[in-house]
């Protein structure tokens, strides 16, 4: 049912809707300019009845228009500070994500392979998991000496949970027959681990990591906003795209807010794609399904 | 005729029963009661235990020897003729009132020792202990359906099964059974070890050893005393109304966002999966907006929405919406084509296919999505509350930090974890309730 | 079982005659152009059990899908009782309840009880009241020896029972043709033999045309009036055999002389094709 045939017709349709979306956005955000005209007075009344100000369309009227955003973006692209933010966010994501993989994969495998370890470790893990990573920010700041480390820790947490869950699930679902086949061919325990459990878990690790990557971005942006700007938490030296957005808000240039948002979206997309390619490289046998 | 009965020593009987299915799984207390019912009979080779059409009164357990068991033609069985040996149980018809007469002929092929138990009395005892009795009957059912395909038999068994549960819900009994099994396994004790290790480490590192970074953290005793005290130093404990106000605020926000996201997201996702045209038009825009982290929306949301409350709910809604819609769409796309084709063959219209195949078929994915959605909602809510807004657990954590009320931070975290877990579990339970068929399938271990 | 010996023509019904006329199916004509069906001609009489035997991946399922209306044909025509199902001009047939498919891995809706599944077709078509349909469904299930599992979900019963329920679900709609795509492939041979007899029992009561795909030659000769042995891809009938063992049949047929003769006649042809398929490395269809 879900055939990913890349045909020109679907491409056209997609582009068409994006265009429509942009047009509606443009018109909506310019409502300050045209809503005042006489023909729209019943519309104004309706808006007023719903409790909104009558000078612009609710919600979308407050958003900067795409053309203005583009304009702002052109201005920002030449600013090295902007690219520095990219670099900062990316490096944080990379650091946190790698740490989560380095700790999470072995931990997950340990839980999956050793029953006692699972019995001891998993309940504690599950107990801590519902606490949102961002709730750890204050505790993290108290604990870690530098702000960078505290953000990194929270970032790490976000991806860690997902990766572990996926590794455990993946290892558990490896078909028992692979083990039996290996044992009947005389493999040692270590061999079995290396040649069956590890590769068998790889697909789940790949999936877990792409979800984890998304979460990492969320947490990084949030942490940057919270510690770099938003509240009184943290001091100077925020940096990163999340900080960029918050700063733009505080500084009153709303167009830049949207620039920042789109930038993060693109950055997140790039990292997911990179991961996906890496994943395909690491699990070539899945391609031929 | 039947050789003389001999009473058996209860211990020998107990031992015997324990070696046979399905009585292996029964508690000793129940077995003792059963043991009083049985009596042992010794047969010679060639003796006919019963023939087709005889009154079905007892069930038979072979202690030693061999019995040839031949079903009458017309009873669908995998193996119409079987040779049974020590430890085998037969003569099930005695338990089923639909079959007052024997369906088979049982003949000893050598000298055989048999224990006979009266069917009616056995039934009565099983009914007196529904949990064990239920287990025995389930094993019965499994054994019989493995060997025979006499649906009436199965229906009868299920009738007995249902009668045993005329008081309680099947699900409840299953849960209780599972619970008792769980307590007997090593799992709860390992879990305890895990918690002790974790909490112990927390306690020791902060308060006893005063390790370098850990010193500054609030210790576990401090947190717990604060949480439980009637007059907390920092103003928040289980006795203060503010505590519940904050919890209520957060929960209320999540509830609103979650319901909005579900009501909009599920139909949206269903449609995305169902109509290729719709997907081609709408999905690109959806995918364009999805990678933007929810929190990147915060400033824009503050600009768009007049009240911070709406902004917070909007942010929470957004995260949930994307998760729900995406998973619902995947759910629809994952439905096996054969189901749709079968429905088409059977004359269903497009709308009927949607209602009877697509919607129920995607439910498992939808509910996975909803669980993710709840988790994501909490994530966004906390962040949004930390940045803006008053009241709420995120707000509590944030202000506790700025006002140097460290133990309260931990109280907030723990509360968040608990509430998050509960809401997730609620969604899961709702899912189990709506997908009875799945629960039952999984409970039977899948066939 | 059913008494007197009946010749094949007397047991045939009067509807459900399929004529496959010079059907060609080419996948992806613009690109890789894989021919799945190569000028296939086959006549199936009304009320006949026609077994389609062939190596995996040879295109038998494509034929079935074309009759059912799931796939298009590239050229040729398929008619049912004289009416055109699909042709070069109208490449895709409309799926309908006159030709119902029983799928290889089963397609009973897991979220409906067995009874709800069985009643599904007539309920959707709205031909009678719910009470009437339920009544009839219960009756048909009892007839097929399925009394007792009506209120269970398909996931709770054995696969053999599931298959039978699926067949009853199909028959509730009084179809002209039953299209069976290796329905017993996943069952163990003990259950299979029971299924065969159950199918024949149902057939003797209902006289639908049965188009049955299998790779089990023994199954084919045991059940069918006619056995069409297909070549490897692209498929067309290599040899069409009339099984002149009289119906009604039971398991004693398997050891009869005539049965063994027929097996001998056909197994060489089947083996040849199987070898070719093996060498070509056909993936499971």
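Every chain is named by a letter (A, B and C) in the order it is written, and numbering of its residues begins at 1.
Heads up, the rule we're going with is that a contact is a pair of C-beta atoms (placed from the backbone, for glycine too) under 8 Å apart; a residue touches a chain by one contact, two chains touch by 3 or more.
Since the structure is predicted, the reported quantities are computational estimates derived from the model, not experimental observations.
Asks: Quick one: do these chains touch in a line, a ring, a star, all-to-all (complete), or other?
Replies: Basically the chains just string along in a line.
Asks: Farthest chain from subunit C, comparing Cα centres?
Replies: The chain lying farthest from subunit C is A.
Asks: Can you give the whole-Å distance between the Cα centres of subunit B and subunit C?
Replies: 38
Asks: Can you check how far apart subunit A and subunit C are, centre to centre, with Cα atoms defining each centre and the answer in Å?
Replies: Between these chains, centre-to-centre, one finds 50 Å.
Asks: Just how far, in Å, is the C-alpha centre of subunit B from the one of subunit A?
Replies: One centre to the other, that is 32 Å.
Asks: Mind pulling the subunit C residues that touch 2 or more other chains?
Replies: none
Asks: For the complex, which residues does subunit A have touching subunit B?
Replies: 1-2, 9-10, 13-18, 21, 52, 59-60, 62-63, 116, 118-124, 127-139, 141-145, 214, 217-218, 221-222, 225-226, 230-233, 241-242, 245-246, 248-249, 254, 257-258, 260-262, 264-266, 268-269, 272
Asks: Touching subunit C in the complex: which residues of subunit B?
Replies: 76, 78, 145, 149, 151-156, 158, 336, 338-339, 341-349, 352, 356-357, 360-361, 363, 435-438, 440-441, 444, 446-447
Asks: Residues of subunit C touching subunit B in their complex?
Replies: Checking each residue of subunit C against subunit B gives 68-70, 95-97, 99-101, 103, 105, 107, 109-112, 120-121, 124-125, 145-149, 153, 155-161, 169-170, 173, 190-191, 194.
Asks: Where on subunit B does subunit A make contact in their complex?
Replies: 186-187, 189-191, 193-195, 197-198, 213-214, 216-217, 273, 277, 280-285, 288-289, 291-300, 302-306, 332-333, 335, 337, 340, 375, 378-379, 382-383, 386-388, 393-394, 397-398, 400-402, 406, 409-410, 412-414, 416-418, 420-421, 424
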